[in-house]
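Every chain is named by a letter (A, B, C, D and E) in the order it is written, and numbering of its residues begins at 1.
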Amino acid sequence: MIATAHTRFAKAGRGLAIFSGLIAIWWVVALGLRLPVYMLPTPPVVAEALWAGRDFLWGHALITAWEILLGLGLGLLLGVLLAVSMAFSRTLERWLMPVLVISQSIPIFALAPLLVLWLGFGISSKVAAAALVIFFPVAASFYDGLRRTEPGWLELARTMGASRLAQLRHVRLAAALPAFGSGLRVGAAIAPIGAVIGEWVGSSGGLGYVMLNANARMQTPVCFAALFILSLMAVGLWHVVNLVLKYLLYWAPDSA
Amino acid sequence: MIATAHTRFAKAGRGLAIFSGLIAIWWVVALGLRLPVYMLPTPPVVAEALWAGRDFLWGHALITAWEILLGLGLGLLLGVLLAVSMAFSRTLERWLMPVLVISQSIPIFALAPLLVLWLGFGISSKVAAAALVIFFPVAASFYDGLRRTEPGWLELARTMGASRLAQLRHVRLAAALPAFGSGLRVGAAIAPIGAVIGEWVGSSGGLGYVMLNANARMQTPVCFAALFILSLMAVGLWHVVNLVLKYLLYWAPDSA
Amino acid sequence: MAMQLNSAQPARTDAGSKVAPPGVRVEHLTLRYGENTIFDNLNLRTSGGRLTALLGVSGVGKTSLLKIIAGLIEPTAGCVIGTDGRPVADRIAYMGQQDLLLPWLSVFKNVTLGARLRRETVDRVRAERLLEQVGLAAHHKTLPAALSGGMRQRAAIARTLYERRPIVLMDEPFCALDAITRANIHELAAEMLGGRTVLLITHDPLEAARLGHHLLVLQGCPATAGSPIAVAGEPPRSPDDPNLQKSQGQLLRLLMESQ
Amino acid sequence: MAMQLNSAQPARTDAGSKVAPPGVRVEHLTLRYGENTIFDNLNLRTSGGRLTALLGVSGVGKTSLLKIIAGLIEPTAGCVIGTDGRPVADRIAYMGQQDLLLPWLSVFKNVTLGARLRRETVDRVRAERLLEQVGLAAHHKTLPAALSGGMRQRAAIARTLYERRPIVLMDEPFCALDAITRANIHELAAEMLGGRTVLLITHDPLEAARLGHHLLVLQGCPATAGSPIAVAGEPPRSPDDPNLQKSQGQLLRLLMESQ
Amino acid sequence: APAHAAEKITLILDWFLNPNHAPLIVAQQIGAFEQEGIEVELVEPADPGTPPRLVAAKKADLAISYQPQLYMYADQGLPLVRIATLVDSPLNCLLCLKTSGIASITDLKDRKIGYSLSGTQEATLGTMLATGGLALDDIDMINVNFQLDSALLTGRVDCVIDAQRTFEAIELREHGVEPVIMNVEDYGIPAYDELIILANKDNAADPKYKKFLAALKKGTHYLLAHPSETWQAFAKAHPDLDNALNKTAWKQTLALFAKDPARLDAARYRAYGAFLAEHNLISRQLPVGDYAIELD
């Protein structure tokens, strides 16, 4: 009990150390390279902008947070479904994979009109855009994991009279969980930028909107204040995902 | 010999079938949904634009192809180096990971001025931007693979008096190759969009430039013509990467 | 970790073996890996309801044969069929040369995997008795990673015995067990498998002679099956059983020749 | 796959064993997994240049002991030291209970892995002779996935023998081999390992009695080491050696009691 | 032309090369720059936010920007000054679909109005609405970012602000849609220069800029004198830009180019500054000299 409490303190402390360390590095870079505020504002300047615009930033942050979560959720769902169905049928994989790969090479501005046409300017078009970015690493990694399942386990399952579905459910899914983890990590890491890209489709709120707007008004500190919040979200999300995966992968070897 | 030739024919045939199948689907969507040309032009319209602008598209395609290759190369290098060094030191990982995660949440327009400031308007700033997008999935997946190396193999290597470097070189790298494969696949799939994003930094060449440009002028067919070429590149690259991986992973189980 | 054998109910009350289980007929079996021919038109036949011990020099093709019978390897030619004329692949319980425990499942869940795979209700009582009988009662919730080699193998044995199948294929199932544990498990296996068609690969002539109704030796390359030795008396035979001594010697001689 | 033993050069010409190899001293060893105590202040000592066979019921702690000596498990308390006062972990060759062949390396490359790991030049002749001696000469370039269980184990044996280390730890190295192959490998091992300090875990009393200078039984929980049995005569002892019979019986009795 | 030791000038455009840049293009065509002994490189950015930053950081000499933005740059302390005007009247307009039945500001009530992030959207729209007795919360503002036309064409919005009367208007007509155009300056927005050229304060006095202006002036006049010939040349040099839209835009923009690029109307600049200040888009009003100069 006490021990865990201790370690928890230690963890928090380490987190704080890293956080301030990175801020320090940022500061050094900004000053050391003599970068003007409109290129890279220093931490205090950004802190000021953060404080000054706290209410308005907070409001937009909530919107983006919401988009991130929905985008990640939808992306995961999509990725898992695709991975599983491709693992099920080689032919399907042959037809689907090229589409997925192509989908990754479509820039948002080419897609935006269609997204808006179909989903309107509401949150759904943004979530869709975000999901489009997020689903792929999940699908690719998870599919890879599914196809690399230890053959012996599948043979055993077959001798036990398991349907392909049962094999998938009880053997392959679990066996591919580490691979899914890799995919999920990447997905989580790019979820925030996914949301920002989503807002690029045209939105009246969210940190991406704030950044674009501040960028147009040359209010670089505000832009970086929003970016700072976004980074916090990114790291936070990453941390949560890692905890979840640690919990799910209790059985997988981990040298780290 | 003949057999392989046959299979090669079969493969080519299948590829063609899939290709035309997808075109057909595109066509059906465009017509079926009665989408105006400025939303989603039909294949013939795009084909026309392709033919009309073949020379100029070809020129830009070469630029982008070059950016893709350089971006992928740099991204891979970066990703592998990061993954390996993080696998080497847990502390390093603790400090580096947050930075990498944050790096993924920075929208290009916030970064563009700095990139141009440091690297100028030449290709290097675009390659850097592309690499920034590509390196992460590689680093994350590969690192995941490295840390999940079968402990027994590492123990054996230790009893054989292997330095940590030797363990890495002869055991962990090979053992993590499937995971690296997943990362590489994702990296290759997003390399084209990475190059396009790179061109967003500001350029006067490349398919991304063409698309933005055409998009700004509502020359949607041109935009989709460029997109079409980009997709071909994406699928081609994907195919090559898959062949390479098949060759490298001769030993890994593969149900697909 | 003492074994309670008393609690083991005789197999003939088992669902799987109510109808007399069929023997296995292997016909015109050919298996090639590249230019390496393992079997060339191999024919053999094991009698139903009996335990046939399969021996042979390492690499001769024992595991391959078992896997073909289990339907896990597609032979180059030939077929496997039950003496009742029906295919066997869907009536077997298979225990491979590796334990193949799923690392994310507790010992108990590994043992009852088959039930969950077939969406049957798990027979907790049976599973727990089995774990008790193989001496893993205390390791119920343990993950395979926390087991010793022999414990893993015993878990795999329990998993195989849990399956109520008329035909049981076991590939060196006891090789990682110490003499004493092995002797106890022998008796358990003999009881649980009594009345079923069992094909058991082993490298231990004593084991073969203790448990087998018939002893079969694979030899040569491509492998051919020698004529089966019938061992008198009912398994498990006590170590001082004269039949045991006799057939063990006979077997050793056969194996010597097979080199 | 006949074995050419003639070509095996005696071990004493081996680099590793020029200086008389030290014995292994285990002192005040305690090992706990959670509340499960495997060793509690265990002390034991194996004499240098001798082969000590380690037996014990499954799950008693043999593998754990070997791994601690190899420096692969950090004990809860206590230490392992050579009788020459120097640590041993960097002077051992270790063969685990699983073969641990690297699936992406050919048999040959697996056997010579140690050399590449230590950036030494690979001794092709030695490696090839070893492969020949374990009967894998033909499988030189084969990947482990294409080997049978016993072949994999023999590859692992070759890999272990390839290492010129004064102290050799082997965990059930012959369990997947048929009687005949095993007998041959026994002789090979006895020759190659002669003059080195060997700790060999086995479940086969006959094997122990054939190969061991001393027989050691781990028993109880937490495990304690009984007093070692010294076997008269030089290994490998022929199957009809009276010493063999005697100590095997003695051993079986000990094991019985250890339950 | 004295090719020897030609002074290099990097000029970053505001957006992709288009007819708005005609004077520059023509100056290139007729070799006006060479004659002045300078060599001008035109760079296209994809993101309008980048050019001013780069000039401020002395990574480029000149940048094309918009007068409204200029105040924000100054406000944020970017060391930039306007040294020339390319288009000396607003291009910005409120663009509505005739079909939406909107004829006057008052019709805008409860309508959807799309905008792209120019930074001034609220100020501009608010002022225009005021002339019809409306306020921002009487309408529904939607950021359509760069898809002004498609948003209009697909009826996602009824009007768009920040549209260019020379571009989007023509585009809509091309797609057979008749637009209603309300020019911002007719609805209470002080007139301003749509396109201006910025230099870095520190070297604004550099003589090479004088040469540049001279060449630019030549270019402008030649353009006005030979519209179709220069278009032909432009179309030939940029086949990808050779289309009806650009052709029309080329003609329509002619009237809007500043005859004397260097000339600065300080009063106008002061007035627009006041307008922005009053809408709190800039914190304080700076003297015109701080951000706009006239190189005589």
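Keep this in mind: a residue touches a chain if its C-beta (ideal position, glycine included) is under 8 Å from a C-beta of that chain, and two chains touch if they have at least 3 such contacts.
Computed from a predicted model, the values in this text were never measured in an experiment.
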item: Chain whose Cα centroid lies at the greatest distance from that of chain D; value: E
item: Chains linked by the largest number of contacting C-beta pairs; value: A-B
item: Copy pair chain A, chain B: interface residue numbering same or different (half cut); value: same
item: Centroid spacing, where centroids are CA-atom means, of chain D and chain E in whole angstrom; value: 84
item: Whole-Å gap separating chain B and chain D, where each centre is the average of the chain's CA atoms; value: 49
item: Centroid distance [mean C-alpha coordinates] between chain B and chain A, Å; value: 18
item: Shared interface positions of chain A, touching two or more other chains; value: 38-39, 109, 113, 117, 212, 215, 252
item: Per-residue overlap in chain E, given as positions that touch at least 2 other chains; value: 47, 49, 53, 57, 146, 150, 154
item: In chain D, residues with contacts to at least two other chains; value: 98
item: Interchain contacts (touch definition) - all pairs; value: A-B, A-C, A-E, B-D, B-E, C-D
item: In the complex, chain D residues that touch chain C; value: 1-2, 33, 55-59, 62-63, 97-98, 135, 146-151, 154, 171-172, 175-182, 203-205, 252, 255-256, 258-259
item: List of chain E residues in touch with chain B within their complex; value: 12, 15-16, 18, 43-47, 49-50, 53-54, 57, 59, 146, 149-150, 153-154, 171, 174-175, 239-240, 243, 245-246
item: Of all residues in chain B, those that touch chain E in their complex; value: 36, 38-39, 53, 56, 108-109, 112-113, 116-117, 120-121, 199-204, 208-210, 212-213, 215-219, 222
item: Chain A residues within the chain B interface of the complex; value: 14, 18-19, 21-22, 35, 38-40, 87, 90, 93-95, 97-102, 104-107, 109-110, 113-114, 117, 136-137, 140-141, 144-151, 154, 178-179, 181-183, 185-186, 189-190, 192-193, 196-197, 208, 211-212, 215, 223-224, 227, 230-231, 233-235, 238, 252-256
item: Chain A-facing residues of chain C, complex; value: 67, 70-72, 89-90, 92-94, 96, 98, 100, 102-104, 113-114, 116-119, 143, 145, 163
